[in-house]
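Here it is: the structure, laid out below.
So that you can tell them apart, the chains are marked A, B, C and D in the order they are listed, and the count of residues begins at 1 in each.
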Amino acid sequence: MTSRKSFGSDNHAPAHESVLRMLTDASVGDAHAYGDDPLTERASAELRDLSGAQEVLFVFTGTAANVLGISLLVRPFEGVICAESAHLNIDECGAAERVLGTKLLPVPVPDGKLTPRAIASRLGGRHDEHRVQPAAVAITQATELGTCYSIEELAELARFCRQEGLRVYMDGARLANAAASLGCELRDLSSQVDILSVGGTKNGAVGAEAVLVMDAQLTASAPYLRKQQMQLASKMRYLAAQFIALLSDDLWLRNAGHANEMAARLGEEIAGLPGVELWQPVQSNAVFATLDPVLIEELQQDWSFHVWDEAAHVVRWMTAYDTTEADVDQFVLAIRQAVTGAGAGRG
Amino acid sequence: MTSRKSFGSDNHAPAHESVLRMLTDASVGDAHAYGDDPLTERASAELRDLSGAQEVLFVFTGTAANVLGISLLVRPFEGVICAESAHLNIDECGAAERVLGTKLLPVPVPDGKLTPRAIASRLGGRHDEHRVQPAAVAITQATELGTCYSIEELAELARFCRQEGLRVYMDGARLANAAASLGCELRDLSSQVDILSVGGTKNGAVGAEAVLVMDAQLTASAPYLRKQQMQLASKMRYLAAQFIALLSDDLWLRNAGHANEMAARLGEEIAGLPGVELWQPVQSNAVFATLDPVLIEELQQDWSFHVWDEAAHVVRWMTAYDTTEADVDQFVLAIRQAVTGAGAGRG
Amino acid sequence: MTSRKSFGSDNHAPAHESVLRMLTDASVGDAHAYGDDPLTERASAELRDLSGAQEVLFVFTGTAANVLGISLLVRPFEGVICAESAHLNIDECGAAERVLGTKLLPVPVPDGKLTPRAIASRLGGRHDEHRVQPAAVAITQATELGTCYSIEELAELARFCRQEGLRVYMDGARLANAAASLGCELRDLSSQVDILSVGGTKNGAVGAEAVLVMDAQLTASAPYLRKQQMQLASKMRYLAAQFIALLSDDLWLRNAGHANEMAARLGEEIAGLPGVELWQPVQSNAVFATLDPVLIEELQQDWSFHVWDEAAHVVRWMTAYDTTEADVDQFVLAIRQAVTGAGAGRG
Amino acid sequence: MTSRKSFGSDNHAPAHESVLRMLTDASVGDAHAYGDDPLTERASAELRDLSGAQEVLFVFTGTAANVLGISLLVRPFEGVICAESAHLNIDECGAAERVLGTKLLPVPVPDGKLTPRAIASRLGGRHDEHRVQPAAVAITQATELGTCYSIEELAELARFCRQEGLRVYMDGARLANAAASLGCELRDLSSQVDILSVGGTKNGAVGAEAVLVMDAQLTASAPYLRKQQMQLASKMRYLAAQFIALLSDDLWLRNAGHANEMAARLGEEIAGLPGVELWQPVQSNAVFATLDPVLIEELQQDWSFHVWDEAAHVVRWMTAYDTTEADVDQFVLAIRQAVTGAGAGRG
């Protein structure tokens, strides 16, 4: 990895110093295992207060949060409607299918956001025993494409799903970025769904995610399913401590807000460049742009970032809580040079 | 939790300060995610060197290590012979059955240790399509009952399994305690099996286990299965860092050796007490003893430990890397007082 | 296969002529697929009337009936208590584990019959998230060992399970033999459980089993699960027709009663022979006996039957609806000759 | 169901009289269970001879054949590329996902036929541990849309898949219709794939399908997986007998050829009618047409058939081995009357 700031992923960043400090502070004396300790109780209580959740379950990864959350909502013959681009559908190596036996019912949507109309397109075959029965909808906030559902969009979607008897799960691996972007509280988002995850890892944690169960009727199975899904930490205090650090003084929102600002800065700077086009609006900490593949290759010699869609020449540039204005400006300069040919002598 | 040292579990202890320090040291700058970083390469290389493994996979929990390890050895119609008391069989909420669809074939064994004879008792029905086909044997070192397989016992078991076409998986959640107890190298243990886990969590880590694949033919699927089983850490460097700390200056062996010594001290002190009997030989960091249930109840008012078998009045007392001689002596005093009636005025 | 009557299994017999005739009678004109046809409605209604069931689902095999029935009773972290000798546990190649992800909790019982005490031995660890939660009990009537639960035993078991919050599934692959043996109605058996299967195949059908769901709250998922478990017949009329034939004029009870009588005759005749001992009481259409292994080998040269337990020299002799008195007498003669050495010149 | 011939499905037809006769012929004396009988050996041998298969496994349903076939080709982290319209994807209530834990990778194709180009669109993410790894391609012959792959198309597809390291499974629920349509031998089709099913049920059987494994390296697990997937018939002779009947004097091809002719006749007759358009070419025993929804509703009052796509006004009319020219002509007359308004006085 070069010494230049990575725009490859928000999980390239190290853990935030407050998180690390809290791990050390948590390391005093014995604590009961498996969550029966004061730190876990404290972190859970704080998340319950902020969200209105009935139950909080800490897990290790975003994939695990998605699988656990969904496992509380569907039986084996029931399916989950999701965006075709959803992490759940593309990037989890079939964990939901393997672990839950659940069929995903993906819908192509251009901006990563499901709509009532998109969901309705997957509701055929209800009460037909040959068909997987749609029972839940999985949305992502912020989406894999860096877009955010507005509160109104979420409310409309929730209304539609309630009418149709569909439960809603929200993948919040980047929920902080969405909350910061919308300027809203956690409760504004959590109140629209049945279960959601709140990601810590991409927002400055070492590795910790929380699953929030909003409906008291869904909580009874949760501890068993978490254990069975290999997500029960014995030294749970260390997952809890990470959330305590992130929730202190709104660090989670400040980290996310800063990353969002850096993405906005990057987006604004490159928007006007010849041959560079924003592929999605910049609503969180991601900038998706299209670019000449020759330039992409040239930039990747010095900078770390992903090509999102090779055929369509789409790149993804992520910012993190520790991306600086100088990092952005240096990267913008490199892009500008590549675009204007100043860097053409290279490679 | 009282301020007295817990004898409830070795995972009640906090992380070792060297482990915490290494987490902080690891927090410098960006690192590629999912294991493509220098710390993961270093920790893997150290474990490969010590064990002769072809592949090292870090995961979050002991249950996950067991499931991942076994998933590399069996196809869905194949079963796993294990001790009835195995963690895999009793304490993992059916993870292997759920995630792998595998049937376990448990054998009751008095000391938690499988023998060729015990394994042979489960080999009926081979080539009968109505029967799950035994394909692997899962052993635990040190066992759930605190006993250890000797190197000779492991070698004999390995020989038998090879003859019978059975693969061997070793659950090493407390492998360090076994190695310290036997005074052997990691390689002495790893060379007897096809796949093993090496536990960090119970030995001073925050939460990290390693799966070591000894046979190069078994490695190809491993990365996919780890991801699908929700065990791929994005910030992998933090799992690796824990192992780097534990392997430095043999901290893993020193921690385990100390815990073992404390268990030995405890075992020796209480062995002679009237009404107290060792239920298993003390060969690692656990003391299993039988005790009058009235005394058990009385002791549990002040001390944290588990009743292993209520009907048989068996208790389990675990020591940890941070258990002190004073802790043991204070606990022994309490047991002695209970046994001799000095504490009878209580409760 | 020799021309001598097989004592190997009741499924060695061909289909009963009434069953075959009904298949032909059913072959007139079109019928809607998947059970929406008059014959399926008629067979279901007859079974509902006889049993009090809320829902009747026809499936192809006994293994499928067990898996479907149990899938209606347990969630993935819940386990099923069964006899160690249960078909479900031994002879279904791990179908329950694979298809349902369910852990079976087997109990060794000498006569194949669970008791409240045996069930209670598996109820440890309730409310402990590390343990599979016992949620259902699977019994077999008649058992794999040819024994039958009395109505009183069933009632006591049902009472115990209700108290303990356990559902009861009854594997009725040989339910007809049990009903004939007890001289009871289908309803006397079905009323004691939540779900049961009624076997046709071993009782004169070509291949058909019925799953009877007694509790209306359990029926909603059943059609989907049957389809997902690959048990939805498109030409369902042909499964239904087999049951119509078996239920006509109590053919199911007459077939089973005759098979039972033949087993009783066989049991009585051989009980007194030197070196032959009944291993289980003869309560259905199976005779289990112990015999010198040399004699077993000699008898198997001319006769088809299974060695049930090689180590204990136990053989199983099954009778079928079409076993005749002459068949039994001829077999008894052979056994007698073997035992008395008259046949010792052979092999 | 009205007395008019159903155009709803080829499984509305009864079993062919030759099949029924063979069931009766098979009902003589005892036969070993689970396929160890002469009829099963005979049917298997005939299918092996016709196809070049290494192993033949009889199962109960088309869904089961698909799941068993695919289970021999993929490991749990591997996916199956299929047409979005595939029965496997739409009409099996998620059996593949539930039973195998496999993710399907569906591609929308207008005529139900995969092409190398369509398959290639799903090959992204190879060697990326986050992605399900494409390992097999499932095609249907004849397709759910009544179209057939030509031999050349199959060969091209096979070549492409071999190059890409993909195995090929062919769902042959209507393979007979494809063979009759192409005028080819079973071997011409089987030789292009690794595993295929041959459907009996829709072609005059009571209920029987065969899975043909072409590659000897894939056969070892098959018997266990069939049992575990609840598809091992105890009285296997009755599945085998159905295939013996269908293979005698090429009844399978004659039945399918007749059904195809009836579909062709129907297609030709209605092709010219105003407001009626063929939606797919008629290449087997299905006619897909678009029609005014008012007319659809009117026709459905007297005739049994399915609306395939409500939004697009597509209907599906299936013919069967027992559809007569008179049936077709009567139906054509009804369509003609509906279209020309002669029937407008109704409903």
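Criterion: a residue touches a chain if its C-beta (ideal position, glycine included) is under 8 Å from a C-beta of that chain, and two chains touch if they have at least 3 such contacts.
Everything numeric in this text was worked out from a predicted model, so none of it was measured.
Common neighbours of chain A and chain D (chains touching each): B, C.
When the CA atoms of chain C are superposed on those of chain D, the rotation angle is 180 degrees to the nearest 5.
Mean C-alpha position of chain C lies 34 Å from that of chain D. As a whole-number value, the distance joining the C-alpha centres of chain B and chain C reads 42 Å. Distance from the chain A centre to the chain C centre is 51 Å, each centre being the mean of its Cα atoms.
Residues of chain A found to touch two or more other chains are 76-77, 92-94, 98-99, 101, 129-130, 224, 227-228, 232.
Those residues of chain B that touch chain A in the shared complex are 1, 3, 5-6, 8-9, 11-15, 17, 20, 23-24, 26-33, 37, 60-64, 67, 92-95, 98-99, 201-202, 206-207, 224, 227-235, 238-239, 304. Residues of chain D touching chain B in their complex: 34, 71, 75-77, 101, 129-130, 133, 221, 223-228, 232. On the chain C side of its complex with chain B, the touching residues are 76-77, 79, 90-94, 97-99, 101-104, 125, 129-132.
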